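Paired with chain B in one complex and with chain C in the other, chain A is shared by the two complexes that follow.
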Partner chain A sequence: MAEKRKLCLSAKGLTKVFGFGKTRTVAVDNVDFSFYEGEVISIVGESGSGKTTLSKMLLGLINETEGEIFFLGQKRDIRSQRNKQEYWKNIQAIFQDPFSSYNIFNKIDSVLLDCIKMRGGGNLPKEKKIEMMREACSFVNLKFDELTNKYPFELSGGQMQRLMIARIFLLKPKILLADEPTSMIDACSRATILDMLMELRKEIGMTVIFITHDIGLAYYVSDSVYIMEHGKFVESGTPDEVILHPKQPYTKRLINDVPKIYEEWDLSTVG
Partner chain B sequence: MIHTLQQIFHSGKFKLGFAIFTSLLAFIFIYPIFIPEAPLAILGQGTFFPPGIYVNVYDSLDTSKYIINQEGAAKRRIANKLSEDDRVAIKEYLVAAGVDESRIDITNTDELLQQWKATFDPKRSIKGFTNAKRNYYIRLNTALQSLYSTGPAIIAVNDPETNTLLESKKVTVTEYVNVNEVPTVRIFPLGTDNFGRDMLTELVAATKTSLQIGFIAGLIATLIGLTLGLLAGYIGGFVDDIINFISNLFIVIPPFVLLVLISFSIGQEQRGASTVAAVIGFTSWVWTARAVRSQVISLRNRDHVNLSKLSGHSIPHIILTDILPYIASYVIMAMILQISSGILAEASLSILGLGPKTTEVPTLGLMMNWAMIYQAQLQGNWWAYFPVLAVIALIAFSMNLMNTGLDQVFNPSLRD
Partner chain C sequence: MGKVILEVKDLTTKYITRFKEDVYAVDHVSLKVEEGKSLGIAGESGCGKSTLALSLMGYYFPPLYYTSGDIIIDGKHISGMDPDEVRKTILGKEIAYIPQAAMNALNPTQKIINFVEDVVRAHNPSATKKDIYDMARQRFEFLGLPANVLDKYAVELSGGMKQRTVIAISVILGPKVLIADEPSSALDVTSQKMVIKMLRDLMDKGIIKAMIFITHELPLLYNVTNDIMVMYAGQIVERGSAKEAVFDPLHPYAKGLMGSIIVPEEGLRNVKLTAIPGVPPNLKHPPAGCRFAERCKFAKPECRVISVQIKEAGPGRTYRCIFSESELREAYKNG
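After this line comes the complex of A and B, so read on.
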């Protein structure tokens, strides 16, 4: 890339340890990285490699055991509740499991209203708020007028994740952490949701940190790819470098695990 | 909300418990409307009148008379006149006079009197009987003659001028009064207690106070437990350590021992019903706090809480909207249990004589205490303690039923 890339989120020696003694797990093990503004960064790894733990630390939802996180080149300080709330205006997330992401006692419009309030729109006239929510919903192909007075659990998994994207649409954060947003839904809505995410990214120009275990997907959407194994980044670079010319055996295995539709299955190995 | 209510009332156990509890409540509130009497008013002179209808003898003399010829009336009259002591004395004589003991049945009046007639001989002296005893039996024999008398009884009044008795009324054996026409009738459906107070009125008032005590105690315990549990669970760290330390203190010293010690040190005079309720509440919050804490810990890292944080909500807002509703059903269930155990705790305290002071209001525990002190159970005065026990059992039973019913609704794995 020709222009100078601006640092957006970076970390040094980031470590997270759960438990102690016999139950001690090092979920994230001394990782360093630099994510640049406007890019799509993919973090790929198999289940249990520490992807979600890393993203929760980046979001400031759990404390790091060791290491430092830098936001826009500055050391991040979110010890006070106030700083945290300020930080969360810049960084947002879509979680892995849409079914547990919503408070089952709150109606859908309150989810979207919170976003408007967070952007300082709490005092806007009611009509204006409704118009904004309607716009956000239509962006993700949901009909706002059918959703008011409904509860999140009355939606399908795909609709819930689309509602999550509508949230991001209203919040317009600098960084979005999407933690396997499509792993719990069917292949058909998966494509739609990815399309919407990428379109939204273009529209508001945010950095997207895309967490997935599907290395093929990472190849198509990202500007840089990080491969994670047992809490460590074992390989990183552009998709071409990492996926077309993998150096690590772990990366090769991840690539080989992707089923290839046009390849004939070797049935002799089965049974 | 409506859906949840429907589900709750779908559970058979909850419905049964709810029905028992509401009928109990309804009775407590309706009864005083019809019988607005002070629950501690002393009516009877004497202890433990058995349940029944009490008709004023004096007033029944002035009530219009009906002549009824009833078969068997004479027999029952004689049986009633022959007292327990007389029967035992007769038996003693008969045995001493050589009648086979197995043939004597003191409950069978007819036979007993026949045996007496056949055996008794005033001139006969029986070995081992003193002269005084012989005279006693002669007097008894004369008295027994009058058992058969059917002449009218004469009611006389004293003429203050001449100081003589004037005949005012005659009562014959076939005269009856209608109970409905006697102006002064008192019904004691559950008899009276050791102080001569109407047991039912007292029981209703006691149930009401005990429920209030249980409710206040349950509310206090639940509020304290809930607040501490939420703080310890959500904030964690130092706050959690302090709260944990306090709860451990309360766990190491069994709450009932603490309850006894505190009640004792407050002293009889200061112990009103609400004080006792507060003391029970302050000593029984620990398990609620523990349970709430562990539930909050499992909730606080859920994604919906994370989303709420990311939406810029403050900690109090998150606790109130993202944590509390999720444990509300559990807290309500815990509170129902706290209420019923509060009632039981009051009863246990009062039986030990550490309950509320006795002059103000009756409670279920106090009633048990009174019955016990006056040895109702030894004298066979079942009405002084059995209804109280039944009410305590009914309250605990219905509340536990409601609780299991709720459990089935909130915890799908328990549904049958």
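After this line comes the complex of A and C, so read on.
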């Protein structure tokens, strides 16, 4: 390849240990990875495989026990609050549960207004701000004028998740970490939300990291897939390599367990 | 044609809101399930799937009210019965229900066997402890669950195991019909497969005679049930065999729903995901014509005026649309 891909987020020997003595649990075990700019990455694993712990470390919400995280080739330093807030301008997240992602005392326009402020647009004239918010809402098919005086809990789950995407639209981060963004909404709204995310990614050229247990979703959206088992990456590669031609027994089992429609779904190999 | 186990004729049930408004969540639904068959119900959130499940049990409590129609289980009318009577004689014996969070039904302070005793004694007060234990152990082993689960507390079991335990207990009296409402959507793929395997076993081993499976996961329905029924805004819009409904849907809504399937298979990459724009109508004031007209890209002006009846399209195949079968197929071909 002529064009050299730019490193966006990488890690070396990343480890997270919870507890000590008898209750010592290694949630993420000596993980190395490099994510490039503009890529869509999926991290797939079962419940308890350490996906969410990894994502929290990447976001800087919990500290790593050992190892280093590099952001844009530089060692990440988020020990001070100021650095942390600077870091969060570059990395944003969408979580599984939209209902608990919002401050319930803030109205929707103030949620969006905060995003504009975070991008340094606090001094813009009011009309400009409203225009930006309207643009963000129309991007996700929400009507800004109907939302202004509402609280987040007055929206449906799908609408809330779309408002989350509107936030990302305003914040324009370098990395978006989506932790099971569609597992609480039904299959029909899922397609809408995935389409929006992919369109947004094209528009602002961000790296998207999907944390999911939905293998179909990983196959559909990503450029590279990482399979996680007991805190380790057991297999990684392009979706065609990993999901259509898995090599590791764990990956094979995982893929075997997903209901299929084009092929026979083998129910005999269970447990 | 096999014996009809569950028959529903023109069932309508409604919710009455705080402001005394009627919301018809199940609107003139008719269906038949034959012996040894299973029926899947698909549709997006809020289309009335779960309300239909509750209504089928004949067990109504406010704000859900029975309006009209018949529910017949193996020749026995259960609609319009007194809720107390239904609870004593129908639930568990004739019809069993597994909700999504079935595992939360387990009492954390009691062993599983105590829970089984409660269930059995509620219907048969004279059963002895030993009889119940033997029956439970036999049934658990028959379904591939370890019998030592009976002596454990709920907290000692994993989520998937809890779900399977509750399913095993809910069919312990051998109900004729099992209604499973999203029984596996809180579980990961491996536990989900075990639950599905168990439901299949229940059918194959003849413990239950018919099953209704509700979910919005179409690949799952395709693999579990014989027939699929698609619901939209409280009405049935399509019914056909699993294969027909997934690969050759007739109603535009069903077509849109099938366009949102994601499976990790080679075929998927060639399929463009399609999302249905808009939101379902408010059932407090349902639209006069076709309820899907607002969101349908093939809609004609008369769709919004004429209310469409269910049409036949071959054996066991029905749909609710103003267009004929050939017109629809032509429209899909041209996108």
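One rule holds in what follows: the second predicted complex is superposed on the first by the 259 of 271 C-alpha atoms of A that agree within 3 Å, B and C clash if a C-alpha of one lies under 4 Å from a C-alpha of the other, contacts with A are read in each partner's own complex, and residues count from 1 in each chain.
Here is the rule we go by: contacts are C-beta pairs under 8 Å (C-beta built on N, C-alpha and C of every residue); 3 or more make two chains touch, one makes a residue touch a chain.
Just so we're clear, the structure is a prediction, and the values are computed from it rather than from any experiment.
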item: Joint occupancy of chain A by chain B and chain C, clash or fit; value: fit
item: Partner chain(s) touched by A:I185 [first = chain B, second = chain C, both, neither]; value: second
item: Chain A residues touched by each partner, larger count belonging to chain B or chain C; value: C
item: Centroid geometry (CA): angle chain B/chain A/chain C, rounded to a multiple of 10 degrees; value: 80
item: Partner chain(s) touched by A:I243 [first = chain B, second = chain C, both, neither]; value: second
item: Touching partner for A:N106 - first (chain B), second (chain C), both, neither; value: first
item: Which superposed partner A:F18 touches (first chain B, second chain C, both, neither); value: neither
item: Nearest Cα pair across chain B and chain C, whole Å; value: 16
item: Overlap of chain C and chain B interfaces on chain A (superposed complexes); value: none
item: In the complex with chain A, residue positions of chain B that touch it; value: 301-304, 306-315, 321-322, 325-326
item: Residues of chain C defined as touching chain A within the complex; value: 44-45, 159, 188-190, 192-194, 196-197, 200, 216-220, 222-223, 246, 256-257, 259-269, 273-277, 279
item: Chain B partner contacts - residues on chain A that touch it in the complex; value: 56, 59, 61-62, 81, 84-85, 88-89, 92-93, 95-97, 100-106, 111, 114-115, 117-118
item: Chain C contact footprint on chain A (complex, rising order); value: 46-47, 141, 156-158, 185-192, 194-195, 213-220, 243-244, 253-255, 257-263, 265, 267, 270-271
